[in-house]
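In what follows, subunit A forms one complex with subunit B and a second complex with subunit C.
Coming up: the complex of A and B.
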């Protein structure tokens, strides 16, 4: 069993999805198997947004800000936030295409929705990790604009 | 971050579908029982045909006269390649073995017309002694199965002991299965006049149950194509557990490929319908009948809900893909309702295979009291009784289970 519950708020319900094929058993079975395949793949989607969010936030605070040039601005943080979201969409689409097997035309639509939801999660990961890094005493050249208090 | 991920995973994995804690499913709804073996037909490794040529069979064999018997026997014998056909003597031993073509010409020209008696126990003994059924060999006896030891002085006594003789003979071969297929043919007098339109005779198949089932499907199909199949009965089979799958449910969703249905919504409808698809291909043909299937399908709910069998849709073909292959399946609607006390329930179902599954017509024919009645089969009931005394049909009586849950 996967973690498709993480994505259900942005997807049609399973019943809604399957009901479209009620009158055609082969298609119904394809739709069911597609849903199960999405469910099984959802653990990898979750790993993708966690890994991308954490990797980019680490890179931003400990790699990018060591590069020469002035980066002591919120725009740079926001730029990498955007990159995180875009990269997550792309990675989820590629991952989905590779591991979710189905001939249903809906496949791309579902994967796109999951990718967008994943990008929201990766933004959250990026934000929460930034919040933590800004508030713990670790050395970084980045602007700690999320530091709470002085 | 790890804590958040763990919390998400934990929340997702602790969803309880099996709210009744049924020991055959885990909490998430996965079935814990291992898959059980289902009965499969298998082509025999070798095949032998035996034909009885006693006096009571003469009406089928009349010289140069066309009978449905000749058509069917040729159709069947020639269908399975170049197997020799053995003709049994009055002593029940093999009197001669003929190549298929030779057998055909002898049969057609009436060379098998005789006035021999029929010593069924000896015939059975001869056939089984030479049958390596454990290694997939099958034998087919073509006979009217009328026991008529009229040349013996103690006919009446022998007849009264006939059932026990058959029991003792068959009982020597553990693991043997027997299927009797009844066909009918026109029966001619010595002057070649039709004296019975539908005189019964039998194809008795001996072997291992899987091989016998294969031969039964083939022979019965050929007979049915010719319009001469009447009924079959089988003994010594282990039908195991039926192969099954599920169709599109109503008011529920199948959970992965498990026998679990989630999201039963009582606000939407008080009934949830699980469509159970049973594969009947290798079972007795009789079971592929709506009334008989309904009678032999036992269903019950374990935790207080109600369950009933709704519509049954049968799909039977003996020429699957225009070939010579039987496919028989049934889609059975299992209606689950009145789930008041719990949020889930387990439906137990079993497919039974009772021995006494025969039609009234067949019952009358096999218990015909008069040896000379050409529309009946004198003594066949005793033969069947004797076989049943030695070998019975068995099947896996452990129920199969379906979990239906309101949770999703």
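Coming up: the complex of A and C.
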């Protein structure tokens, strides 16, 4: 199982993808090489959503909340959740364009789908990290609304 | 803990004591002394007497709530707000009677002297006629001495001798305790009470700890006038205040021996009050605040080699005083009053601050805001706000703060300087940071957390004053 499997639920299968070009050998080869390229780039995509999700959640709890302006409110937490998602989309698109080399017309569509999936993962990372931060005894100025129990 | 027995004599004594309580609540330091107020005013029906007794009771309630650690554990006094312990004299004895109750005299002065028993030809009858007017003799003692020190001297002397409150004072005054007497010099009760009480203490050879207690006193010079008595029908004529003051000062010069004697007064009688000795619903005044500050000054001074006369001035002669026109000597007072007024703003905001982090970490939740400790604190702070409003509106006004309402910019809250905190969120943030610095739930007293963290948060910005 390759790392690309992480995105399988939002992408067509490899067979489905290649089948579309089975009558045109040069395009078929191009599609296969595109798929392989995506597969090898998927580690970077994963690093991107993890890094962005964790960096922003840490910034929210330990940086942003050092500023006045009632930053501890849930609406600010949600705002940074949205920023995490948007930044992940943008970062994945840029990363994909830089790493995945292919002239296949579908490239952008694929990268966009992967970016959107990545943003979902980054949201999950942001949420899970928030849940952990709210329940560990490390001081933060933010409101620990995800704290379990009293 | 050492104590300072604060004797508040007469109406001015009551009003100055109110300022003492307010300053103590705002965090003025007494350098380790507990305050034991002793109210000496025969005018027991006076609303101000009731108000002061209630205010002291409210303060004690907040202090006790803030120092209770649960399950008989006692916490130290808070660092900032309500930092001083105030104990009623009757509480030292676990009794319920107030000192004033035993001073209440429902008789007229004439009945008190038993003038009716003297025949018209008796030489004492002529002596009394010479010393006292008919109005003097008819006056009910339960409304005080109506600005007649010649009446006060006679009545108070007997009231002090053998009084329960004086016995309690003798029993509880220990080595290292201090005595402070607050009175006015231009009325009846205070002007006569101060030298009498001082003499009684200084001559108390049977109780060396009483006799040798370091003694301070503040005597308040005339600072208000009253409506013309011919129109108000009152017995008090404020045009006599200066004459009475001069006479009393001449007497004080040779007879009073307090280690520190503070004089607080005004250049002219700027404030005019209604001439109603039964009610005396007078607003808080700058001079009372200055007189109250004398107690805090006295408590940080060592024993002098000889009696010291003290006074304090303001920098500029203006009607509404701010930090600049008051002068540097008032910085501490302004800072503490500002702290409490900012705290008042925060208390208005906090119950509605549903996502305030201390709700989760320190239990400052809805239940806490509906509970008695917070209610008592909030009620006291509202009294403080009213007291400051009176001070700022009076003539001359102590008005170093701008009126700022919830949600408005807080940078200019102190006139003439600009604070870095632009709005409430700056103080709330510092409260959270203060909470984060302290060990988690070291005692569990939520009110104490609120007081400590709010003080810490507020002073973070006001310390630059």
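Odds and ends about this structure:
Here is the rule we use: the second predicted complex is superposed on the first by the 148 of 150 C-alpha atoms of A that agree within 3 Å, B and C clash if a C-alpha of one lies under 4 Å from a C-alpha of the other, contacts with A are read in each partner's own complex, and residues count from 1 in each chain.
The criterion applied here is as follows: a residue touches a chain if its C-beta (ideal position, glycine included) is under 8 Å from a C-beta of that chain, and two chains touch if they have at least 3 such contacts.
The model shown is predicted, which means the values in this text are computed figures rather than measured ones.
Bringing the complexes onto one copy of subunit A puts subunit B beside subunit C with no clash. Of the two partner chains placed by superposition, only subunit B is touched by A:28; subunit C is not. Put simply, the three-chain overlay gives an angle of 160° at subunit A, taking C-alpha centres for subunit B and subunit C and rounding to the nearest 10. Looking at the shared chain after the overlay, A:54 reaches subunit B, while subunit C stays out of its contact range. Look at A:36: by the touch rule set out above, it reaches subunit B but stays clear of subunit C.
When the two structures are aligned on the shared chain, A:128 is found in touch with subunit B, with no touch to subunit C.
With chain A used as the common frame, subunit B approaches subunit C to a shortest CA-CA distance of 25 Å.
Within subunit A, no residue touches subunit B in one complex and subunit C in the other.
Touching subunit A in their complex are the following residues of subunit C: 353, 355-357, 359-361, 421-423, 425-426, 428-429, 432-433, 436-437, 440. Listing the residues of subunit A that touch subunit C in their complex gives 66-70, 72-74, 137, 139-145, 147. The touching residues of subunit B, counted against subunit A in their complex, run 1, 4-5, 8-9, 11-13, 15, 28, 30, 247-248, 253-254, 256-257, 263, 408. Taken in their complex, subunit A has these residues touching subunit B: 1-3, 5-6, 14-15, 18, 22, 25, 28, 32, 36, 39, 46, 50, 54, 125, 128-129, 132.
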